[in-house]
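Letters are used for the chains, namely A, B and C, taken in the order the chains are written, and counting of residues starts over at 1 for each.
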Amino acid sequence: MNLLANTSALLGKELRTEFRSRELLTTTIVFVLLVVVLFSFTFDPSATESRRFGPGLLWLAFLFAASLMLQSCFLREQNNDTLGALRLAVADPFAIFLAKLSANTLFLFLTELLMIPVFTVLYNVPLLAVLPQLALVLFLGSFGLAVTGTALSAVSAQARMRELMLPLLLLPLLTPLLIASTEATAALFDVKPALRWDWVAILAAFDVVFLTAVWLFGEYLLEE
Amino acid sequence: MTRIAVAALTVCALIGISTYAAFYVAPTEQTMGLVQRIFYLHAPCGMTALFAFFVSFIGCIGYLLKRESKWDWLAVASAETGMAFCTVVLLTGPIWAHPAWGVWWAWDARLTSTLVLWLLYISYLVLRNMVEDPNRRAQICAFYGIFAFLDVPLVYGSIWWWRTQHPQPVVFTSGGLDPTMRKVFYLSWFALMCLMALLICQRYQLEKTREEVEVLKREVENA
Amino acid sequence: MVSLKAHGTGIRLENIEKRYGSIYALKQVSLEIASGECVALAGRNGSGKTTLLRIAAGLVKPTSGRVELLDAQGAHGPRNGTRAAAGFVGHATMLYEELTAEENLRLFARLLAVPDANIRIARLLREVGLEERRGSQVRTFSRGMRQRLAIARALLREPGLLLLDEPATGLDPSGTQWLAGQLRGLRDAGCTIVMSLHGESALSELAGRAVRLERGKVAADTREGADLSAILAFSDAR
């Protein structure tokens, strides 16, 4: 109960600071938008091609956006040593991770949802009919991104070359997530869309495995 | 010193015997011919690399639970050794693939998984160089080492699933291995596992010596 | 300042060592501070004052050695019930720039499960003189105002032990006077205070005991017969 109370207090803080400055959301959305638009210049895709390459393009853009966006996640807490204050005040350090990864999931999920209509319009792939299924895949994907990205941003914040370290650590780790989410999205982009439960299961497994790992070992990252 | 020399000579002899066996004892495979013999190095190396990464995973968990440097030494020693074996797999893979399938790289599930593994552990070794304070380094690298190894089954699972969706060249005309081939295969694997153990021990000693030098330096400075 | 329901908490450090790589920050430090004492820590930059305070607060794990807090519940580690038992004011303000003064206090009050948080926060804001700026974001504050708010944050839970790392940083002379008054009130109410000081100031007068650290070791302690003003003056002439 204590964990939930602390998490909700911290989540409130994360959301309040973000919606006050809107720094992360705006930069991430613009970044993904740029990638999606620029991509069309590189090979002028037809609708059929977009169905094939679109999912991969979208998920690569989300992966890179996440690895840029999550860098500041723990770095921000170092500026005024607010991380120290949190560690002194919170009974279970998992609450710090839980609040941050919930907020990051929300930010990524919002970005991804916003990109769907943009993609539909620009690449002429109608997606309205599969929106609920697509939302499920997007949510599981952004949760996996947020879990691993949040934990590893605590790692990279303590290393030299921080800005480069997070993508370097995060991207190879995300291979299974990239494959599963791309394949699941591709099945939904198909002319005869279908929700592929096997890929959804791999996504869910990824999320569960790393959430458990953060729960078990996360506190070691915050020690001085 | 002599113990190490004996161990090293034994491992050399084992490698020699298994190489001889791979070339002269094992029968020549009918469809692929001579090039198939690289299989006795390629496949056992992959399994040995995986085992080394597992040892590294144990080291990482041990460090987080016990906070003793020796676990960190074990983690880095076996991660580097695993990387060496992984590299051999990635080099021998194309040598085999080219004559067999006509392409250097066929995005075969196992080889692709090994490549991802190689990238993961490169990141682990780069991270080690990016943290100054040894305790800090041991701690956050242990965390990343755990993450990396937990990713292994997910990588294998997803890539295998991914490849089965697409047409794939056949590696073995099934029916299992010839008994002699199987024996040679296990002999090679045993030899490589011994080599791995030797390399891990040596690398562990090096890391240990490094720490001892640090301690001595400190004592000199404080004296 | 604020009434203390808690009695002072003493602290005992036994053979504390802290190593960063091959560098010792603290070497075999043993120190016992009784409940209600007000101790000044002196020493040059890098002598280990900050590390000592952070270890006492439970922020940093010592490489070896033991920290115990002594209060009505007996002896226990610095993180009682896994939350830190002491109030801590560090070098950094430990405040969120994007949140207002009140939101900062409310966040930490919620995390610490402070009873009657609203009343307590209103009272603390009045005490530190930030009542009018309660709704302004911390990033608009001067260094002195931040320091006042940081002190208010440390007092949220009426701690029996207050650890302050150079608390006069950023305060002007009148601010230092104000802080000295606040700390005097806390001391007289029985709160144990350990503060690192840089030179003599209005705060030095509060200290009943002074300890000088040198290269991570206790070099002088008034309890061992050293002269109080000599220790405090020493760090001034660094």
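As a convention for this text, a contact is a pair of C-beta atoms (placed from the backbone, for glycine too) under 8 Å apart; a residue touches a chain by one contact, two chains touch by 3 or more.
Being a predicted model, the structure only gives us computed values, none of them experimental.
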What is the shortest path, in steps, from subunit A to subunit B when you may only step between chains that touch?
1
Top of the farthest list for subunit A, CA-centroid basis, is C
What chain lies closest to the overall centre, CA atoms only?
A
Set B-C beside A-C; more C-beta pairs touch across A-C
Could you work out how far the Cα centre of subunit A sits from that of subunit B, in whole Å?
31
From the C-alpha centre of subunit B to that of subunit C, how far is it in Å?
51
Averaging only over C-alpha atoms, locate the centres of subunit A and subunit C and give their separation in whole Å.
39
Where subunit B touches two or more other chains at once, by residue number:
132
Would you please write down the residue numbers of subunit A that are in contact with two or more other chains?
223
Contact set on subunit C toward subunit A in their complex:
54, 57-61, 81-84, 88, 90-99, 103, 107-108, 110-113, 153
Note: in the complex, subunit B contacts subunit C through residues 132-135, 214-215, 217-218, 222
Would you mind writing out the residues of subunit A in touch with subunit B in their complex?
148, 151-152, 155, 158-161, 165, 168-169, 172-173, 175-176, 179-180, 183, 198-199, 202, 205-206, 209-210, 213, 217, 220-221, 223
List the residues on subunit C that touch subunit B in their complex, please.
19-24, 63
Residues of subunit A touching subunit C in the complex
2, 5-6, 9-10, 12-13, 16-17, 20-21, 79-82, 84-92, 223-224
